[in-house]
Every structure is written in structure tokens, then in C-alpha cells.
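Naming follows writing order (A, B, C and D), and every chain is counted from residue 1.
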Amino acid sequence: MAGNTFGNIFKLTTFGESHGVAIGGIIDGCPAGLKLDFKAIQGELNRRKPGQSAIVTQRKEPDTVEFLSGIFEGQTTGTPIGFVIKNTNQKSKDYSHIKDVYRPSHADYTYEKKYGIRDYRGGGRSSARETASRVVAGAIAKQLINNVQINAYTSSVGDIFLEKPYQDLDFSKTESNDVRCPDQDTAERMIDRIKAIKKDGDTIGGTITCVLQNVPIGLGEPVFDKLHADLGKAMLSINAVKGFEYGSGFCGARMKGSEHNDLFNDDGTTKTNLSGGIQGGISNGMDIYFRVGFKPVATIIQKQDTLDRSGNIVEMQGKGRHDPCVVPRAIPIVEAMVALVMADFHLLNKMYK
Amino acid sequence: MAGNTFGNIFKLTTFGESHGVAIGGIIDGCPAGLKLDFKAIQGELNRRKPGQSAIVTQRKEPDTVEFLSGIFEGQTTGTPIGFVIKNTNQKSKDYSHIKDVYRPSHADYTYEKKYGIRDYRGGGRSSARETASRVVAGAIAKQLINNVQINAYTSSVGDIFLEKPYQDLDFSKTESNDVRCPDQDTAERMIDRIKAIKKDGDTIGGTITCVLQNVPIGLGEPVFDKLHADLGKAMLSINAVKGFEYGSGFCGARMKGSEHNDLFNDDGTTKTNLSGGIQGGISNGMDIYFRVGFKPVATIIQKQDTLDRSGNIVEMQGKGRHDPCVVPRAIPIVEAMVALVMADFHLLNKMYK
Amino acid sequence: MAGNTFGNIFKLTTFGESHGVAIGGIIDGCPAGLKLDFKAIQGELNRRKPGQSAIVTQRKEPDTVEFLSGIFEGQTTGTPIGFVIKNTNQKSKDYSHIKDVYRPSHADYTYEKKYGIRDYRGGGRSSARETASRVVAGAIAKQLINNVQINAYTSSVGDIFLEKPYQDLDFSKTESNDVRCPDQDTAERMIDRIKAIKKDGDTIGGTITCVLQNVPIGLGEPVFDKLHADLGKAMLSINAVKGFEYGSGFCGARMKGSEHNDLFNDDGTTKTNLSGGIQGGISNGMDIYFRVGFKPVATIIQKQDTLDRSGNIVEMQGKGRHDPCVVPRAIPIVEAMVALVMADFHLLNKMYK
Amino acid sequence: MAGNTFGNIFKLTTFGESHGVAIGGIIDGCPAGLKLDFKAIQGELNRRKPGQSAIVTQRKEPDTVEFLSGIFEGQTTGTPIGFVIKNTNQKSKDYSHIKDVYRPSHADYTYEKKYGIRDYRGGGRSSARETASRVVAGAIAKQLINNVQINAYTSSVGDIFLEKPYQDLDFSKTESNDVRCPDQDTAERMIDRIKAIKKDGDTIGGTITCVLQNVPIGLGEPVFDKLHADLGKAMLSINAVKGFEYGSGFCGARMKGSEHNDLFNDDGTTKTNLSGGIQGGISNGMDIYFRVGFKPVATIIQKQDTLDRSGNIVEMQGKGRHDPCVVPRAIPIVEAMVALVMADFHLLNKMYK
């Protein structure tokens, strides 16, 4: 109820603040007998962690996951999987300047109004650091549904768009550059843009496109838990996300039915796929694809006026080490949340068999 | 789990197929002592019902809600509110032509693959008729949180866009025309467009914008149940929705942090509102606004190839009485789902007081 | 949250007051493709309904269930099953005498204090009439898990106890007498006792024993949702229940470990079954058996002092047609709740295969 | 779903095996601004921990709780409270003898059949060690609802019963002896009995009675989540519990309505309290009291035949350090589970105000 649990069957509950002792979580409902590839789990965490390239925050945290339960001799046992990631590079002193100040377009003000108290250090619970726990759980979910291929990539940074449709991309290239755009030429332009923005002490928004392939038919639970509704919620629960569209998306809202309908082939596949792999909230076996919009990071290294707890407008300057663009590090988070949704619906669907 | 329940505290479970005996639902968790305005409830249903204007389906259904429980002497008692809406104009014979055929971009194929059986009459459970139950519950939710003003309106039909920002609109005009666009001039162009589309036996997509005003500070439950994440899921659960964006939305993904940050006034309001009234998943007291994209209705009165249950491609022609554009009738559904989300978070938030 | 839903996967939500328009419910999560035996469902309702014999209330209600959705051509479709049972014999005037009075050991006082309002007619929502909806859902659950045999019977009325162990009983005899005790001699003594009590305008308590046979190994979800914990909750949710014990029960609390341990046979069965078919919260394939204690019905046809809404002690005399002993009519309710629990765990267990 | 979460609003999820790295949990939904008394929390853990007296297991574990999140400057922040208790005294070698053997009346067999794999060390997840996490959460719940007094005590060991009604007891004496029975004379007889049993390498069952005083009127959610139904489930979820009865309990099943009804005083209290403080599933402000039956611990230090994984009957002898009677150490567990139930209903009830 208080918002820290995701999923119904394959269920993740997370805890932890940016500058507390540790973050972590409990995965409940992972079936027994899954042989875990721990290297792959840590690999996903490494994709998300700070300090991995020139265009992300230079903060260094090892982000090593430690599993506490639910695994015996390398396999899941069906009991809850508890895990922690210690906060090692906390530099809490960095944040004394925001103790009594609400940073613009951050969650400082709303957390304090809602709860009456706030752990101001590094944004506390509202920090995107929490998403590391999601990446751990998502990495396990990926191993559970390893037939489904999930590929997210950066599709725009500011007004630099990757114009190619996903069918023309080689997803194996996504990790070959720092911005995680599988088209090398576009990637370079994006990287240059982020570097320029960073130099100005500013930040920039962007979009991520995600493609799911080899999805079984029949996932999704109408009428409220439509597959795309839960994917949308999963994406909108990620820090800085402002929009979600799947299949034809907002473009579809400009089209005519005669243009938009996906005609069938005789094997049940469709000639076009404006539906985005989902009809009536249930996967139809075609590729699922969607797009997620991220706002620019609110922390900028420029002077801004802001409000303090006493109701005064005061000048503040962002400090610390922040991301000029959230998108590259959000790729593994998007994939993790997708994996959680799909693992949950996969398990739920077994009930009907 | 099977997807027919929405909400946690103020909780709606719906049942019913398009051409069964009745549709209806149970509202559980509505506080006791709420004096219901039954006329207002029926009024919302009337806004959604078919046959109300020249640009919607000519099907006629009275759509009269009958309450069975949970109300005593005009007030809610705190016990579950059961209600039914009888299906009176079923014309099941209309649908014999689709018994063995999967209509393109409908849910026929996915329902049959998921469940192994399908009530083909009028789309069965996948029909938007189900949303009448949501409108009933939403109308009660509106009365529970009657301080919050919820105004949805048609903001585009095909490529005809209402260009004015919502601040320049008079929401009291929304109901003054058939397309439910509060700008009369734009409304007329939209209506003409829909009439032309209808004449061709085709359909067209559109978008709805919704504005919430006078929202209390503090609603929303991070990290997974962010206010906008649940609003997004609510919208994406409505038939034909392909996209959701709030505040700056996808435009925000093209902006710089220095442009996008909402600076504070000394009363805690902000000078701009690109955040869309939500920061860190919690309402900040500013207006909440978002946009929802709807695809064109899949049923067109034109010949199309499609697939039958035996795996043959066959020609079919849409019959029956269908909406050329779903958007005008979806306005009350959007508002209802918003009311359900807000009532739920309102009740949940009382726990923290 | 508000307490009107039972189960997680196979999920029942009920609505309705004793003297409202109708009672009913929604079953969500019943798998598709189950061919329903409607006669068997009505048969279970008939076992519970009033007026069926000389030792139960003489109120007459047909208690006919009407299904509104989720069933097509006699089979479940996987969509929610809505149903209603109309209240036909309401005699609301019978209850005007309790409008302003709280009956002793009824829920009148607590409902009014909790909700601030109460539908006083026949106890409103607190009436055991609500359990008719459970019987409908339980009858469907029984058909879903039809391999499991569920047999409940009256094991005591007042201080008349059926002394035989369940292994010595012929469950096919349970329905052969009005008190539903499979031992004819004991049944006659129980019936005589109830008739005498009734003549005095008094009521009497009793116990029901329930035996589950042919239960698959592996049902139950430790640590909180142990199979016996959910069975216990199910029983304690039935009106008038004061206690639950399974296997050795409270007797086991007087025993030594060397007496109580169930030694294994080499096929995994056990030589004794003091565990009651459940170890660590998970079924082990042996018979599950438990005992439920019911208090005497609070409505007696004698003069009693009671409290009115103004804080005065006033004399009242029970009127209406009430059960002298709740146990015979509670047999199908106990079985229904057991079936709901077992169907839910059965479906949940499929996800982990 | 997988059974490791308890509660709806004040929600505890636990993880951990007896001999894994650590056990622990996440408390989600604890309101912000609660100043925690950490000494009191550790004090509750100390009441439960092994090695505290001559009549419990001599295993020594410090059982120190470490909080990882959700607390800032000594107060709860409204975000999830993660905590761990390290397993320091694991002696895994003690358990090699049960690796391939299913101990009688333990959960070894059912866990292995359900999950296909089992962490056999010390019973793994099925060990009562898990309840230490419940005690931590319960200690916080107690602080949240500190007006409610919760007192559990040993009311029987084997056939030695504390005959006095709870009204004649001084609960402040409960902790004055090792068996936690507030009547010193009975306590001594119980202790002697346990010592004799221990000497024989045997174990013995017992009962705990629990009394709740100063309970607000109105807690509990009919019809399924009746206050006593959730208390019953909470108790039955504790290891070794075989039965639960509240108020008049199974004795009530032998009584007549004219004896059992609780007549009102003019202030809404009742002259008697056979109802046990709950009517219609809702607290009425009178004392709540109930009794819980525990079976004898299954591990005995005697030779027993048992089954191995190859299907052979083999002789085994219990080793290790086990409790001769579970009841004394279960007292704080019972209180913790009660506190969790009451905190949850307390918060839920605030929503309906």
C-alpha cells in the first residue's frame, strides 16, 4: 500500500535511502530451482552504476549485491530472496547545503509535506539510487523468462533522434558506446551533445525505446491489468519519466482505422504491428515495443533561486556529482522493470494452463 | 490477480460482457456516511452511453444503474456497494458473422488464445461496454473527493489539435458540443472531421487532455505507486489508449534542466508547472494535467481480409453500429478513472495523519 | 482492504445486506473452460437455505442464484463471474423494533460505532445471509478441485458429542438427517436437544468437524500463509465461530513429542496423523481434519434487557424466525470456505511448477 | 502471494533461513514521525532469543537487530524500514546428519516435495528462527499503538493449567520467572515439568493466553477480515500452533444463548464478556482475550525411525540444542503478531474517519 512493492506473484519490495546504511530488497515468489548466474546479475548492476563513463556522474560506488537468503547451492529455493547493496560512498557532508532548502523540481518539498520529515541526504528515498535494487530483481527475472529478449536503447537525447526503426538496428551494438544507442553515428552526436551540456553545468532529457521479442501469446490480465498498462506503470515509476507510449503511440491518435488495423497472416501473425504486440491488453506474440520520455535531471550546476523551510527565497547552487543526462544509466533500469512485469505475468498465466 | 479489480482502499471490481445478462461491479472501501447524489451518477452514465449524438454509435441502451447494497436511506453504509446495469439492446444476431473470425486489431484472437474460449458477442469482456461500470464507481469517487476538480476534454481528433493551453479554456463549455472540446471553433472542425470519416465507414483517433485542480499536497506513494504512475496505468487500462504523458511529457524529454525546473514562489507554489503538479510521485498542490492518446476504433465499415479459426484468410465487412471516434464518449471514462485513483490515494493518505 | 474479498487467485468479493435488494458477488480468477454443473451449485445453496427442516429457521427464501457473466455456453470463460441472489422474503417490518436498540451479543453496536450508520433490518451486512454468496463460490471451487473430497459434519450440539473418530463414519449418511451428523443415533439425540431448546425460545452452540481427503502434497505458502492458517481464518470469518483447531489441536498441547510425532512409512505417508495432514504449513498428502466451534445464536425468543441509542437500558424480546442452533446450516458454509481456500492454493501452486 | 508478507497497511515481509547469512525483513507502511525506542525493540528480541534460561535451548545467538533504512535521526520517515539480524552461531555441521533424511513431524518432507529443493540446515526457512523478524516488527507496531496493552502468558504446560481467570493475574509478574506464567506457584510446577521432560530428551506442548486491554472500538473489517479471523490467522502462522479460540471459545459451543449473551451496561460496556471483546468481527472496547495451543517440539533427543530421500526407513537420533517446550519463548512472538494485526487495523480504520 505504501508503494514499495512491485508485482503480484514475482514480487519485489525495496528499501533504502541514498545515504543510509544500505539499500536492498526482498524478492518473493521466485520459483524454486532456478540456477542463478550471479555474474550476469552483477553485470546488470554495473551497467547502472555511477562512474562508468565520461558522460555519467563521476561518483564511484562499487554497488556490489550481497544475497542473504533464498538461494542454496546456487539455486533458488522458493523462499524469499533478501539482498543488500551497501552505501559506501556517501559523502553526506555534500548535502548539508540542502538540509533546509527545497531544490526546484526535486521531491524535497513534497516528501517533507507528505511525511513531515525527510532524510535530505542525497534525496533520501527519492534518489534514483533505489533503482539499483530493481536492477538486481530484474536481472533474476530475466533469467526466469530467458526466452524473452528485452532490448532497450537510447532513442533520443534532447532533439537528437535516432530516426531508424528498431528493425534496422543491431541491438548487440547498444553497449558499444557510452550513450547506449545502437547506431554509432547517432550515438556520437548524442555523446557530443551531453558533453556540451555537462560543460554548461546543465542537463538534458531524452527517450528510451524498448523492444521485447519472442514474447509468448496470452500474457496480460484484462481489464485493469492490461499488459501495456502494467508496462506503462512500471516505466512511469522510474525516476524522471514523463511519458509512455506503445505500438503506434501518440502517432496512432492521428491515424484512421483503415490505416491502423493490423491485418492477419494465416499463422496468426500480423502484416503490420501498429498494435505493438498487444491486443485487448494481452500479448499476441508479435514484438512489443514502446517509448519512454525522461525529463532533464533537476540538479544543475548553476545558480538558482529556491525556497527554504522558513519560506524565504534563497539562492542555491547545485553541487555534487550528477548525471548530465539520465538516459544512458536508465537503460538497464527500463529493462529490469520490463523483466519484472513479464516474469509476473508469465507466472500468473501458468494458473490458466 | 485476474485483472478485474482497480484500487487498493477505494476498490472497484467489475464484471460483465457486452452481450451477457448485465454488467456491473462492487465498490468496496467507500467510507460510510456519504450522501449520494444519484442523479449525478446517472448523469455521468448518460455522458458515456451510446446514441447521445450524431457523431457516436447509434446503438440505444438506457444504461440505467441499479444499486443493490451498501446504501441505506440515501447514504453509504461502509459496506460494499453492489450495482448492475442490464444489457437491454443486445442484438446478438449482429455478431454471428464474427463467431469464427478474428477481427483485425480487436482482442478476438488474443482472448481465444489466452482462455481457449471466447464470448464473441460484441467483443464480450473486451468491449468498452465494461467501462460503464467504471463510470458508476468514478461518479461516486467524485462525490467523495468533491473538492478536487477533474476536467477532461477532447484535445485532438486526427490532426486537428486544440492549440490553446488549458489555462485559456472555459471547462464549462466542454459539454456544449458533441465532441466535448471546450473551444467552439475547434470543436466544429473536429465534428466535421468525424462526420466525414463516418461517411467513409472509417474511424479516427484522437487525444484527451485532463486537468485536476485543487488537489491536496501529499497524494501518491513512492516509489512504485507514484501518483502519475497510477494515473498512467488507469488511463492505459481504458480501451484503445496507446499513450500517456503528464506535465511537460515527451516535450520535456527535449528540454534542458535550466529550462525545465519549476522555480518556487515563497508560498510553495511554483512559477511554472512543467512538473505537472507531481514531484517524486507526490502531488505538490499545483494543477495536475496529462494527455492520453487513443487509436482509431478497429471496427470499420469497410471490407477487410481477416483470419478465421481454421487458419484461412477470409474477407469480412464490419457491421453493427460503432463509434467513428472513441474520444467524445471516453471523456467521462477518463474522468471516472482519475476519480478512482484520487479517491484511493486520498483515503490512503489519511493513514499518515 | 475493507474486508469483503477472500482469496488471492481464486478470489471472491461479496456484497449485500439481509434486507436489501439482493446479495451476490464476483468470482475473479476462475480458470476458463470449466464446465459448470449448475444443479450442484443450486444444491449447495439449498443445503444452506432457511426453512429446510424442523430444526432450522422457518423463514422461507428460494435463494436462487442468477449468474450474470463469465459463463458462455455452460463453461467459464476466464472473465469474472458475477452473480446475484434476490432477497424475496424480507419482512422488514419485523425489524422496526430493533431500529433504535442494540441487541446483546449481536453486531448492532459495533457496526454503528464503526460506521456511524447501520442498516438495522435483519442485521444488515452482519447477517449470516451473506454466506449464501460464499456457498455459490464454494460450489464452483469444489468443481474446480473436484479430486479433493471435503466432508463436514456436526460433531457436537451443546454437550452431546459424536465420540467416534472420523475414520469410523460414513460421510454419505451426513445428509440423511436434519442435524447433519453421520451417526444416526447421535443425530437423534442432537435433534431432540435442539427441539427442546427451541421450545424454550433459547439457542445452543455446537461444533463442526471437517475432513479433507485426497489432498495433493505441497499446498500452502509459508511462512504467513500456512495452509492451516488460511483454513483457520476462513473458518473464523464465518458468523458465530469462536474457535478452530486442526490435527491434534488443543489436545496436542497436552502431549509429549515422543507421543505426538508422526512416524513415516516408506512411501512418505505417516503411521499416525496428529499433524492433521499439514507440516510446516504445507499439505503432506495425508487427510486434513479440523474442528470449528460455534457459539449459540444470539437472538433468543425471551425477554432481555438491552441498550438503546439514547443510552437507556430497555427490555426487548426477540421476534422473527431464527435458528435454534446454527450448526446444521453452517455445514455447507464450512465446506464452501474450505473449497475456496483449497482452490486458491491449488492455482497458486501451479505457478511454481 | 508466496506467503512471506503479513498485513495490508502496516506490512511486514520477512526473509531468511536458519543457517543462511542473515534473517530480516522490511516494514512498509509505518507512518512517519514515530520516535523509536530502540532499547525496547532489542528488549523484545532478547525475550525471544535462545539461551536465556535453563528451560530453553542452550544455543547462543546475540540476535542483534541492525536497521538499514526508514529511520532518520531516531524517527521513522514513512519510507520502508529494512532490517537484518545476522546468523552468527550457525554450526551447520550439526545438520549434516539430516541432509538426506526427513525428520518426523518437521517440514523437511513437505518443503522438499513442494519446492524440489531444501536448505536442510537447521530447518532452513521452516525454522522458528524466522520469527525473530516478526518480533522486531511487532516491537515497532507496539510503539505505534502504545495505548493498547498486550499481555501474553503461559497458561498451560502439558496438563499443568493455570486455573485463574486473567482478571486475577498481575501481568507484571509474567517476566519474573523462566516459564512466563504470572502465577508463581503454577510457574514453578511448569518449570519442574519442563526440566523433567528435558532430562528425558523429550518435549512437551502448552498453551498461551493473550489479553488485549484498552482496545479502541471499531477495529476489524467484516465480513472476511474480522478482527478475530486475522488474530487467528496470525496465531496459526506461528510455528507449532495447532489451535486458536477467543472469548468463550470451544466452551461457548456447549452453552445456551441465554447464558452466553453479554448484556449491556448503559455506557455500552457489557456485564459479561463471553464475546471476547469482538462482535461481528469488530472490537467493542471490552478486553480481547484468546488462547493458543502449541504442540510439543518435534525434535526429541531420542532414537526414532524416519524416512530418507531414497525411500528407506532409517534410525535417527535428534542432536543439537532444542527447546523442551516452545511456549516460554513464544510469548513475545504471540505479542508481536498481535501488535502487527492491531497496528494494521488501527491504520486502516483511520481511512474511514
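The working rule: a contact is a pair of C-beta atoms (placed from the backbone, for glycine too) under 8 Å apart; a residue touches a chain by one contact, two chains touch by 3 or more.
The structure presented is a predicted model; accordingly, all values stated were derived computationally and were not measured.
Distances between chain centres, each the mean of the C-alpha atoms, put B farthest from chain D. Where chain A touches chain B, over half of the residue numbers in use are shared by the two copies, so each contributes mostly the same positions. Centroids built from CA atoms put chain C at 47 Å from chain A. Our note on geometry: chain C versus chain D, Cα centroid distance of 27 Å, whole angstroms.
Between the CA-based centres of chain A and chain D the separation comes to 39 Å, rounded to the whole angstrom. Residue positions 1-5, 8-9, 14, 29, 32, 78-79, 114-115, 125, 222, 348, 352 of chain D each touch two or more of the other chains. Residues of chain B touching chain A in their complex: 1-6, 8-9, 14, 102, 104-107, 109-111, 113-115, 125-126, 130, 156, 158-159, 197, 202-207, 217-218, 220-226, 228-230, 232-233, 236-237, 242-250, 252-268, 270, 274-276, 278-284, 293-300, 302, 304-307, 311-313, 348-349, 352.
Across the complex, chain D is touched by residues 1-5, 8-9, 11, 13-17, 20-26, 28-29, 32-33, 66-70, 72, 75, 77-82, 84, 114-119, 124-125 of chain A. Contact residues on chain B toward chain D in their complex (touch as defined above): 1, 9, 29, 31-32, 78-79, 222, 347-348, 350-353.
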